[in-house]
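Sharing a structure, written as structure tokens. Questions coming.
Labels run A, B, C, D, E and F following the written order; every chain starts at residue 1.
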Amino acid sequence: MSAVEELIRKANVLTEALPYIRAFFDKTVVIKYGGAAMENDALKASFAKDVTLLRFIGLRPVIVHGGGPQIGELLGRLGKKTEFVDGVRVTDQETMEVVEMVLGGQINGEIVSLIGESGGQAIGLTGKDAGGFLRVTRLLGAGGRDLGRVGAPDRVDVSLIRTLTKDGFIPVIAPIGVDAEGNTHNVNADTAAGAIAEALAAEKLILLTDVEGVLDDGKKLIHQMTEGEVRRAIHSGTVKGGMIPKLECAVHAMERGVTAAHIIDGRLPHALLLEIFTDVGVGTKLVRAKV
Amino acid sequence: MSAVEELIRKANVLTEALPYIRAFFDKTVVIKYGGAAMENDALKASFAKDVTLLRFIGLRPVIVHGGGPQIGELLGRLGKKTEFVDGVRVTDQETMEVVEMVLGGQINGEIVSLIGESGGQAIGLTGKDAGGFLRVTRLLGAGGRDLGRVGAPDRVDVSLIRTLTKDGFIPVIAPIGVDAEGNTHNVNADTAAGAIAEALAAEKLILLTDVEGVLDDGKKLIHQMTEGEVRRAIHSGTVKGGMIPKLECAVHAMERGVTAAHIIDGRLPHALLLEIFTDVGVGTKLVRAKV
Amino acid sequence: MSAVEELIRKANVLTEALPYIRAFFDKTVVIKYGGAAMENDALKASFAKDVTLLRFIGLRPVIVHGGGPQIGELLGRLGKKTEFVDGVRVTDQETMEVVEMVLGGQINGEIVSLIGESGGQAIGLTGKDAGGFLRVTRLLGAGGRDLGRVGAPDRVDVSLIRTLTKDGFIPVIAPIGVDAEGNTHNVNADTAAGAIAEALAAEKLILLTDVEGVLDDGKKLIHQMTEGEVRRAIHSGTVKGGMIPKLECAVHAMERGVTAAHIIDGRLPHALLLEIFTDVGVGTKLVRAKV
Amino acid sequence: MSAVEELIRKANVLTEALPYIRAFFDKTVVIKYGGAAMENDALKASFAKDVTLLRFIGLRPVIVHGGGPQIGELLGRLGKKTEFVDGVRVTDQETMEVVEMVLGGQINGEIVSLIGESGGQAIGLTGKDAGGFLRVTRLLGAGGRDLGRVGAPDRVDVSLIRTLTKDGFIPVIAPIGVDAEGNTHNVNADTAAGAIAEALAAEKLILLTDVEGVLDDGKKLIHQMTEGEVRRAIHSGTVKGGMIPKLECAVHAMERGVTAAHIIDGRLPHALLLEIFTDVGVGTKLVRAKV
Amino acid sequence: MSAVEELIRKANVLTEALPYIRAFFDKTVVIKYGGAAMENDALKASFAKDVTLLRFIGLRPVIVHGGGPQIGELLGRLGKKTEFVDGVRVTDQETMEVVEMVLGGQINGEIVSLIGESGGQAIGLTGKDAGGFLRVTRLLGAGGRDLGRVGAPDRVDVSLIRTLTKDGFIPVIAPIGVDAEGNTHNVNADTAAGAIAEALAAEKLILLTDVEGVLDDGKKLIHQMTEGEVRRAIHSGTVKGGMIPKLECAVHAMERGVTAAHIIDGRLPHALLLEIFTDVGVGTKLVRAKV
Amino acid sequence: MSAVEELIRKANVLTEALPYIRAFFDKTVVIKYGGAAMENDALKASFAKDVTLLRFIGLRPVIVHGGGPQIGELLGRLGKKTEFVDGVRVTDQETMEVVEMVLGGQINGEIVSLIGESGGQAIGLTGKDAGGFLRVTRLLGAGGRDLGRVGAPDRVDVSLIRTLTKDGFIPVIAPIGVDAEGNTHNVNADTAAGAIAEALAAEKLILLTDVEGVLDDGKKLIHQMTEGEVRRAIHSGTVKGGMIPKLECAVHAMERGVTAAHIIDGRLPHALLLEIFTDVGVGTKLVRAKV
């Protein structure tokens, strides 16, 4: 293939993306960022480029990130032990301070920098900003067990996020919320992303995971599911473990106005672009059942 | 190569375009459209897609088109003969009416439709619109010879074009101008494109041609030239024939504020994207000499 | 009468218009332009002045024009015959191309120029512009007979027209529509004007005709009619022939939000001003029955 | 002449005004209102209609009025005597209060009401509004004689006037100014109008008077004068008495950015329209000498 | 107390006001100004400062003033007698002219000046401005008795007031209204303030009086009342005389959208600030009953 | 003093602030926050209230904070030692990560929360946000000594800060900058505040310190100094130690467009309000020499 033919082939790729670019022009996409895509350097760079590209071709990306391993690492260095209850980190005041430093000071800043290197203008935020835009109520464990500073989203004031995305900025949000008394709480990143997507009436909620997507009983990827199919898959045991809360979070957001939710494989380079700009995508897409 | 690898490769193509997308965000590009790219169906479709893509990724494309062959064809069907003087069609009143019907009614509408099919919103214009936005003075042939209704651009009021491109519309302009008495005139499309680019202080003026670009004495494509090099190439005879007025038009526009001019090979699919989104491009790029 | 008295009398005419100017300030008026008013030079000039005056005293005029005779003339010169079925020109592909050249390239441009000479800023449009703002479905003749490229308005996207009139431009629209597959169609100009007026929720739809207006059984002009009276007049046979579709078009638009419709005598100089700025007007005004 | 011919003649009058309407679109015109035009009921009504018409056809009229006779009348009823020095009313504190009541409470309100009856939206103002938008310094009589609360315009803050005219309101201004200590002062209405026109960089300053205009030595009206001709006419004694300060005020405003000044005969109905919408006008127009 | 301690104490006062400043940010407050606060020089100055402060800390104050004593005084000087019927001044044409001069020319201007001295930008208005923004119907006395030019508010067009307050101007309104025929009428200032507050959907209507507020049977100030309590207090005779129409006016406004009404003691310096910026206030606050 | 007198006295305090409120309306004030005011709980609360009050009365506060002690504490807990050279912390990669976590994650968030509790809407930022709005070049120690990740401000892009303050948000900025390669650097907080104030052309730069202000040779507070006096005081040795860089930073900002700089005693409650809203202030004010 000659150099010119190679170029033309590349240009064809660009114009193939046109229908997707048109369809999602000016639409808001909330992305839960975490797992391998946040650890591997090549994947980090590819993610940052994808997000910046989305913004320049007219979408409004909003990032919500996690950071469990990094929190664990700093707690370890400080000799502070953590207990987990039902997969939730029991978070005392001192742990919460570490959470804030890691999520709000370290990871948040790193993502902002990566996007900046790709030419995007990201703004790091936590739910404490703007008078506490992410309001939470304290979450109790099974049997009313005290989990400390762990909160569930209650109310999201998205006016700041709207202002920023309208001006072309990319919000990068650490999932830290504030309760009615002004106390800081740790929030599950998937849940925070879902609540923010819902409050923004986002076009898409995309959860980056370290699995292929939702698998059927034969371990094959399910490309698309309706809300009803999701419920049946949970009920029948086809879906298990950590995928259940992710699916519940996605369905919850869709019931409150998000158009579609995607559970995608963050281990693939450009997973974000592949999911948004191709029909088949690289994960499981949840859609509303056609009536 | 697996399907996923193929997809990732495609996504890489998109992110490779990112630096160009960022660099030309919100910039105006005036494109002279004509020749093979306006005759071959596949090239026509690829051109329309390119233009639509440019608009959706944030540029402001403005099209100026020619139509000599189609004018000749209708004149022929009407049994009307035309004389050419120095390559310029002597245009009497009746011929001018045919020019208006062909450029303003047929070709203009066809381009608008093609862009519409790609999802873009084009608006067909002639220089008569908006109170005569393209003002001309009558052009005389060598020795003061009367060429009839043939005009040279005098003053361009680009407020309408600015309003349209700001709202995301793509102006498609037939090169018809109006003199001070309100008489309609035929204008060379390259010259009209140059004058419009100049009035818009465009980032780029791109002339689609049916040749590879500017060739050196060894018939090899010159990828980049400064204004001085252009003048020397004309003076030395390296450049000949129809390329001379194109280069003069391009240099003229650059002297009046256009950042760069491109003479590209419209016979290649996606010539427009290739020229804008690659470093080497597919033609000759005229740039200001570095001081 | 002294010169000063003459002047004062003229000034009185201006202030007599004040109540009408105030009443229609910032209101949209859609005018179907055709017939004698589009053929006689003096009437053409008077029409252009009227339209420009309307715009400068604060109204938003929108012109929709016909062009049957001119289409017939070019078809004749090209040796192309046309068949008419129930008064509708059967329009094959080749005829449609002629229609586009005549309406979109010749007449449209001429009206734009005339308004420009009066100091107005008109913009020539066809329904193909802006991604096909005038959507049509193919119209069949009686008994399902194929009429070729003849369409009935289906959906009008008036955002472009709104943008233009808000900025003081005067849209001049050729009645050419686009179907769902992107094919161009010829549309009856009255019908197109009605559909555009309806989509704009215009204050007035004014149809210029070559008759005095609607006449009663004694051949006297009816100055004002309600929708009910129109229906009765059609039913009783008081109204006949070509006036029937005009009245149906007008009533249809009024049922969908246009405040008033006027069928006026375009053979009078300044027919437009006379109808808008006097109580008695120069034609028949259709109004909603007072409840 | 038939009824229709009469109507067409009237429409011709409207379109004859078009070139003036276009020329003065969005331009500011400051009018000093006083004399017979403010006393005769028919003239008052015709003035109010003219001003309202000006606003609806796109100009921005600003009225500055006098009120000497009415002030004298109330002073008389209150048994308060006034002394005049060089034509200026010596204004003690108590007289100033009467001036404010008459200009700001009675006359101002009456003009606002008249314009309201014509359908215009006028706003009565004095120079005390908006924190004292008309700043004055105290004026001394010949030989430094104390004239009391009589001020000369010093600085005009036109932001309020601009806001109001932009929104379509018509400011009606009583010539009352405020000095640096906040004391209210009486200001000559011509002078106030000139200073306001200057601060607005108005297109026109129009002074309504009770004479035909400036007369030459043969008592014939001079239709147009340059600033140089005005100076020579004053110097030669052609112009005498009360006309001298009016001309000086007009020339002063023109030297500071007003395009043209008019001294017109307010005793004619529609004097304002006649002056603005005809070439010959009904008074003397001061223009810049062509260089 | 040291100088620094004194300063800190002052700063504490400022921050104590913060919750009120936040709560009323961008809210509209309509203030009926009259009585002692309009007569005593110190109170006048304190009122003007309060109003200016309100505007600078983000509220939108609107003043409506009375002027009975000053009207009486000028009528007296002019030897004109007035009859009062049920506390309402019978207002013939001549009296109405005096009312306009006093309210619109004298008092209005004085308040505007006082606010100007405090640094605020007030604009004096009467209900005649803006085409008659305060529309009234003629009020008849008991038994249909003719009271002359006395009107009751009918319809308030607050667009001018909104424009002015949005731009930071402070409207100062004389309670003069216009009937459908354009005749000027005297309006009770409390009633005018209530109607304006209602049309603005104001946060507060504050009536400055010369009493402590509403007193209970033991002559003690009632700090807060619901609408039901007001009605019972009127019915039981606890409230008597001039307080009854004030309370009825306040309740009427609250029933039509005003959030709270205050009847306060204008004899106290800074009564306005004290009422708005403290919980207990200096008068009686009418609130909606909690459901 | 009765309760009402006490209230009136408080209201007097509010109106005393009026001239300052007017003078600084819509002005930007950059505040370097640190020292005791950032450690003592009562001072922290008083600072947050002051900042919120400033915003609600119309100023645009921008906070830049330090955090040396807190950085030292976390480094200590992690067993990481730091070397200081000329008072600057030598900052290796690992230390820089701790700096980011403490400044960007802990302190920044705490200040944002405190302001949120006062009702203000703060947004935590670092110089990495918005594509790296605080650009730095690496700073070398005396003799070219490598200090690691320590930067000096080079270029500040204040568009994000302007957007935020225009919408009423309060930026809280951690002094972390980015070099041309995208590496994060520690920046002295005073210097960062100065550079940001300069780029904003701020009205005031206020440095909170733990001293009274600048003292003269007799240890008495100097209330006001010109730039020349500052230079002489440094030269003569009157000013010593840590005050020298603070004064140099302040003078530097004033030479580049900041109107005034203040070095104030952050140990006093409401130091900010006292300095802005009183003439004498609570520190040393640097002003331009009157020419």
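Please note the rule applied: a residue touches a chain if its C-beta (ideal position, glycine included) is under 8 Å from a C-beta of that chain, and two chains touch if they have at least 3 such contacts.
Since the structure is predicted, the reported quantities are computational estimates derived from the model, not experimental observations.
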Between chain A and chain E, the fewest steps along chains that touch one another: 2
Both-way neighbours, i.e. chains that touch chain E and touch chain C: D
Greatest separation from chain A - chain, by CA centre: D
Centre-to-centre distance between chain D and chain B (centres being mean Cα positions), rounded to whole Å: 55
Chain centre separation in whole Å, for chain D relative to chain A (CA means): 67
Distance from the mean Cα position of chain D to that of chain C, given in whole angstrom: 44
Residues within chain A bordering two or more other chains: 119
Overall pattern in which the protein chains touch one another (line/ring/star/complete/other): ring
Ring of chains, enumerated from chain A in the sense that reaches chain F first: A, F, E, D, C, B
Residues of chain C touching chain B in the complex: 74, 77-78, 97, 100-106, 108-109, 112-113, 116-117, 119-126, 128-132, 160, 163, 167, 169, 176, 178, 182, 184
Contact footprint of chain A on chain B as seen in their complex: 4, 7-8, 10-19, 21-22, 25, 46, 49-50, 52-53, 56-58, 118-119, 268-270, 273-274, 277-278, 282
